[in-house]
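Each of the next two complexes has chain A plus one more chain, namely chain B in the first and chain C in the second.
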Partner chain A sequence: MADLINLFIDDVAVSVPKGTLIVDAAKRADIDIPVFCYHPKLKPVGMCRMCLVQVGRVKLDRGTGQPVLDANGSPEIAYGPKLETSCTTPVEPGMRVITNTDLVKRAQKDVLEFLLTSHPLDCPICDKGGECPLQNLTLTYGPGVTRFDYADKQHLDKHYPLGELIFLDKERCIQCARCIRFQDEIADDHVLGFYERGRKMQIETMSTPGFDSKFSGNTTDICPVGALTTRDFRFRARPWEITNVPSICPHCPVGCNISLGTRRSAKGGGEWEILRVMPRQNEAVNEIWICDKGRFGHHYARSQARLQKPLIKKEGRLVEATWEEAFSLIADRFRAANGKAAGWLGDRVSNEDAWLFGKLFREGFNSAQLVNRPHVAGLDLVARYGVGVGTNLGNLGQGDVVFIVAGDVEETAPVHMLRLKAAVERGAKLIVANARETKMDRYAAISIQYQPGMDTQTVYSLLASVSNQQSAISSQVAKFAPSDNKIKAAGQLIAEAQNLIVMLGDERPYPVMVQGQYTDAGRALAQACANLVVATGHIGKANNGLLPLWPHNNTQGVYDMLSAQGAEALSGEVKALYLVGTDPIGEGQNLPPTDFVVVQELFLTPTAQQADVVLPALAWAERDGTFTNAERRVQRYYKALPPTGQAKADWEIFRLIAEKFGLKWSFFSAEGVMHEIAAQVAAYAGLDYVCLAETKEEWPPVGTSSDLYFGGTAYDNRGGVGAQTKSLFEINGRSELKWIEPPPPSGQSIEPRRLNRPGTLIDQSAIYEVRLRAAELVKIEA
Partner chain B sequence: MLTEIFKGLSITLRELFKPPVTIQYPEIKRPVRQRFRGRHELRRYADGLERCIGCALCAAACPADAIYVEPAENTDAERYSPGERYAKTYEINMLRCIFCGYCEDACPTDAIVLTDVYELAADKRRDLIYTKDMLILPPPSGKPGTPQQVAEGSYPRSILPEGLVSEP
Partner chain C sequence: MTNETMTPLLEKYATQIETVLSKYPPDRKQSAVLPLLYLAQREYGYCTPEAIREVAEIAGVEPTEVDAVVGFYTLFYDHPVGKHVVQVCNDLPCALRGSDQFLEHACQKLGLDKHQVEHGGATTADGEFTLESVVCLAACDKAPLLQIDLEYFERLTPEEFDRLIEEYRKK
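Our next item is the complex of A and B:
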């Protein structure tokens, strides 16, 4: 905390770091200065004049440059002739700011009166009504009456779709440009702009299709009025009628903290429904942002197509059955399989589910043939050398380096992209290596484009240029010494890096199953990345290590749970196969030959159609549990909706099956399962549902229940910020370099993961369909 | 002793020939006070459109949490009320209602009003949840009901001038 500046705001002494704006300094002292255009996540623009204050500065003697002292010997303060915008003025030593004089109050009243000359009297029908900064500030600071003629109000289009998801009410807009600035500064999709001028000024989309950004929904949150609404929530309910339940986004490995706004609705047949998804502030994970998939991809939880009851195949057809019938049949067949049972576990289920699945196989089915799907190489390496405890992309800056290889951050972990872009602006350096161009190249200090399939070789070239120290693999690495200056420069950056995060992408060959065994495809790159962080010593510390771009929300957690229970790949004959939350047949793959297939799912997927028994599981919003994100932060989500049909939580199904094997497990809640995980998995030691629910004060305090200035909409985090687990290296200090000869390009055609690719879950969001259709699918070679 | 009994009976006898204070309900009904608050109704404008804009302020004001409103968006092809928003679902649970009239006070369009109807008994709880169909008045004679198909852009505001005039 070097360079603290002392000043007085309304006679309260405040000390803040140099460069702080007056408005933020006041906030530190719990003094609210009203703002509209200012947002602590955006650069100040001084457009709305709501934040005017009186500023006095220390008077300096022109000749000596020394403060002029008054009779008492204290510096004289000179107040400016005019009010100043506190959102654009940085603090100065000895400054005196006054926020509550008549002059200031009058200015606030006038600004509000001006704003309201064009603002419609829409509060009763406005979706922001109830959590609207304009309402709040008008009530607190505004004049009681207006001198303007009602008939003179500005009338503009009230139903203007900017894109297929976001609607604009041009009358309500107060031209603060927060939406434009979010798109320009944070999302870096320059798709919004102003059009016309004066009272007619309006927001316009500059892209085709309209509002073409993966982050468009965030503008509806930061808009200080109800000018921007989402198609999902538009006219669905008043904010105070909603029950907000803390949750974790179930889509990608960022693990954004979200709130599910639920309500019993007539539209949903009198059932509880999710009306909107809002970000929940967690400055270490998603700050206050989420992507559009997280915001609009919740509809699967309340889809009509959900499985309601267990199904059993009789005479070639799946017919409804009771749980008891299904459990008995499963118990009989898995008992008969006599250890020749295998389990395929999708990586979207919770940690608790994954743990009990493994336990059921160990203790009940007497088998360890468990695979997590989709199978990606390097899970073990990430568990070992993943980013250290305390990692926060929001802390990266000067001297830190992030190396992204074979991945497209915006498509696979969108919110990481926002945070990395911001890190680059704070001085961090980005090195991007890929076979094709991605959005991250825009921020890269060095972009390396390699020939398809040459990912691993590129990483070793980089490593060769970083160090010439003797190590277990240095002779092999030396063969890849680069001739390319770019790679040399990148090596130089890494050599000088204080902190280094290596983001391991998945645009590499995928392991495929050959005779029951997964191939090692993609492994070489993961090992190369691990070697890079190990050889350079960037492991076991905050903001150092591997950060993978995994396919789903709990890829890491499912791996952690299964590997801790000694899971091994399929090794022999499989007589009975149990699939949970995964659809290999729908993805064009085959099941291993087997006599009996159980599928536990939300929907009747192509794989489920082939099954002998189909068990209906609860969706994430209908139950509680934990997910582990790519940074290995374990985060808790809560039950927001009642169950669909007779569906049960995955972990509960496993417990009931275990009962059929005479196993008396005493788990009656997901919380109970977490206790066992904490006791048996080293990295999860000490975790429980209480500590995962702990929250902390966040800075900036955006739109929490006590603050309605910066955000307006509530980002309150009442569900916990989660806890990061230790990497194995942090636990046992063991690291090693291992050589895997980089394979020559395989020529395998791969389709890089896109955020908006169709899939079993996202297909249920009808409003998102346009995005899914619009997303161009690229194919590359690996 | 005896005199007391006769005294008492004489009162009975006198009252017997006075006109009764009770009335023969339900054959005869007593007029209610002017500001009596009874069963609600949802009103319409003269052109048949609904006044209610689905703002749920009545529900917010209701101390008994008796009102449920679910809004939806109007289009010119299917217009229920002026402006953008209308009440797709509007229910009052008469079992919960305490007839305080706060809903009427809260309503920005004078859509919900309490009438003088007090005969609300029913023998099923379900029947005491009054739906929008039960609450809304029929359109004025000769006017269409809702939804109406109207010329594009003819109802840009949520309240008609008629609604801005407060009535007795």
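Our next item is the complex of A and C:
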């Protein structure tokens, strides 16, 4: 327990850890001190002077250094001659802070009067109006009238594009530097700065493209005025007209909690639309951040190109059909396939969809040939040795080690990058091993660059330098004992680690036949990482175990659902094939030979074009469900939009097909499906939509709608913080070391995943096109 | 971050740049931004966007960060200026000592519009001089005063101003 400091704020006794700033200590006691430049996620700078308070300190005798006591024997308090900024002043024992004297009130009025000298006061047309700290604080603390001449206001550019995503209104900016500090301290992309000084000081960027950062949108949330706005939300709606629907970002395995700001709009023909996406506070997952893909990548849900009706191939052409026709045809063909059926399930669908897909195959199609696409190795190992319940990257610090291998965290799980950087600042140590440089190397205590394809060998070198204990694989591991001092030092860090998280990257070649032998290099790497955490005992505890960089938002969940139902890899003959939410042909792969293909999709993808039947599915925002993120946190998302055309939820389509097979499933909601999952999948035991909707108090309290200081009404988490499932090791305590000989470098060249890589869904966000074009797609050897 | 691309500055001033950089620890290259900017400004006449990118490249920082430095300091110019820049202080203490009349004279002598001089500066047609009125050169007791390039001249009379100009014209 950190040392506690006792003090009084407005006569309320407060006890807070040493180092706490007065402004935060006051918050703990429910006393609000108004701020502009201060933000609890950023380092204090004391630029705006809004947070001035009166501070009294215990008077010390100069001779003895002891407190001077008054007649009653209590320490005398000396108040400073000037007000102090509570956002930069840490608490001291016995301190007395007063936040509401006349002097303080006058200072607040004066600061606001100055801030408004050149403010345009265009709240009636400002996007921030209604959730604007400047507006709120002016009404609460401001003077009401100004002594300055309106004619002296500066007139500046109100529609200045910092880049293609973010606009700056130069008149509204109050120069608090929250945006610059976010970019410097949190995102570590130094692409915003102040130009000029004094009254002329303005935000600028010189990057190409402008404001080049994967996290730029966050600045529009934390800007305390309407100076920064996003291209797609500006002038679209007032905050109070928006219905915020809790959701989960569908783009990557971080599983950021988001709010979908929806409204009917004239521009959208009177239809419901997503007008903006904002982070929803979940300190265990994304805190109050999201990346730009999450913010701008939602447009696919309302794309004109969405499939509206079922399609059936007739004389070589896909023509519209009824659901009944489609279902009958599917039932006939899958019945005729007589067990020779196979399913390919994309890993973006919800757990409920995946569960019923497996169930339909088992009970209806009589087949277990089910593949979770795309191929990633180690899903089973993560299910067993994945990070323990209670893991929170936000808690990592002194004594904790994170080892990243064969992956680029910023490109594949962007918000993890922010949180790992912060963990390093709190004292955690990072070891990064890759075949090339990534942004994570900036924060690494030790960076290891291995020869292409030597990742698994590197992991074993590390393991060899950590332990000389006898184990099932120690003789094999010993062969990899490092000569390289860096690896030895990294081994030392791991040996001393209290907690160890191993981030399993995905920059491995696909399984191939090498000299008549099936080689799965990804599998070998995953096993090596598993061996590392098992051999060092870093499993089954919070902040210990494997944390994978999976390709999509629900890779883990789909695996959990299919494997629990005994899914098998494609092996036998396939007469009928059912693909859901996946586009192998578009990715340059072939379908196995088959007589009949069903594709369930949002768009007419290249694979769908080859199908005999195409079924239109609902987009994530049009229905509810759950996703399981890479930390195995199961999180609920809610329906935010009405359906497109006749599209149906994936799970519901499976239920209706099951009916054709005489199966009477009593699922009438995704929630009902979760009941069955909880009953049948050990790790999901006890989960239901009620407990997943539970929220808890978060610190810092930026996400409460009563908050006047940090802006953004959508931060409020009313949809639940989700629940982490247990790893199999936590359930049954079984672990084992297994040896897979590291394969030699394959010589294959692979294209590492990039956040801004074009794809079926993100291509629908026209606003994001520049980013997609600007992203460098590199090839590396693996 | 910086893959050693050859910038025109690096090509032309390789040794100077090396000397500048050698004054700072290798992981503190950004400390060299100011001297590098002076070098760039001398070379190009003012801090052009390309010059800013070059300096950023050499110092291993983002162009935005270098640009912010240019914006902050009044002796870096983000627009073309004359061969010599003349700054006359016309803040209140100096005004009390007659700097306003002095500035008027300076404008007349150089044939420049006072309003322009007071709002961002103006440059003579021959490109020799830029005249700016500025706020406090930290020598208030010696007004009227001015700064030409990096040098101060204090307690000036209009005649002395004319002489100075002729002198600098020859430089």
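Please note the rule applied: the second predicted complex is superposed on the first by the 766 of 782 C-alpha atoms of A that agree within 3 Å, B and C clash if a C-alpha of one lies under 4 Å from a C-alpha of the other, contacts with A are read in each partner's own complex, and residues count from 1 in each chain.
Note that in this section a contact is a pair of C-beta atoms (placed from the backbone, for glycine too) under 8 Å apart; a residue touches a chain by one contact, two chains touch by 3 or more.
These numbers come from a predicted model, not from an experiment.
Mind checking the superposed model to see whether chain B and chain C fit together on chain A or clash?
fit
Could you say whether A:Leu139 touches chain B, chain C, both of them, or neither, answering first, second, both or neither?
neither
A:His190 contacts which: chain B (first), chain C (second), both, neither?
Touch status of A:His190: second partner only.
Based on the superposed arrangement, let me know which partner A:Asp122 touches: chain B (first), chain C (second), both, or neither?
In the superposed model, A:Asp122 contacts chain B only, not chain C.
Looking at the overlay, does A:Ala679 come into contact with chain B only (first), chain C only (second), both, or neither?
Neither partner.
Which partner does A:Ala774 contact after superposing on A: first (chain B), second (chain C), both, neither?
Neither partner.
In the overlaid three-chain picture, which partner chain does A:Ala305 touch, first (chain B) or second (chain C), both, or neither?
Neither partner.
Check whether A:Ala478 is in contact with chain B, with chain C, with both or with neither, and answer first, second, both or neither.
Touch partners of A:Ala478: none, neither chain B nor chain C.
Where does A:Ser207 make contact in the superposed view: on chain B (first), on chain C (second), on both, or on neither?
second
Between the C-alpha centres of chain B and chain C, what angle is opened at the C-alpha centre of chain A, expressed to the nearest 10°?
80
With the two structures placed on a shared chain A, what shortest C-alpha distance in Å links chain B and chain C?
Between chain B and chain C, the minimum C-alpha distance equals 20 Å.
Same chain A residues contacting chain B and chain C, which ones?
none
Help me check something: in the complex, which residues belonging to chain A touch chain B?
122, 124-125, 155, 158-159, 234-238, 240-241, 265-267
Can you list the chain C residues touching chain A in their complex?
That would be residues 49, 52-53, 61-68, 71-72 of chain C.
Which residues of chain B touch chain A in their complex?
Listed in rising order, the residues of chain B that touch chain A are 53-57, 59-60, 68, 70-73, 83-85, 88-89, 108, 156, 158.
Please name which positions on chain A make contact with chain C in the complex.
Going by the criterion above, the answer is residues 189-197, 204-207.
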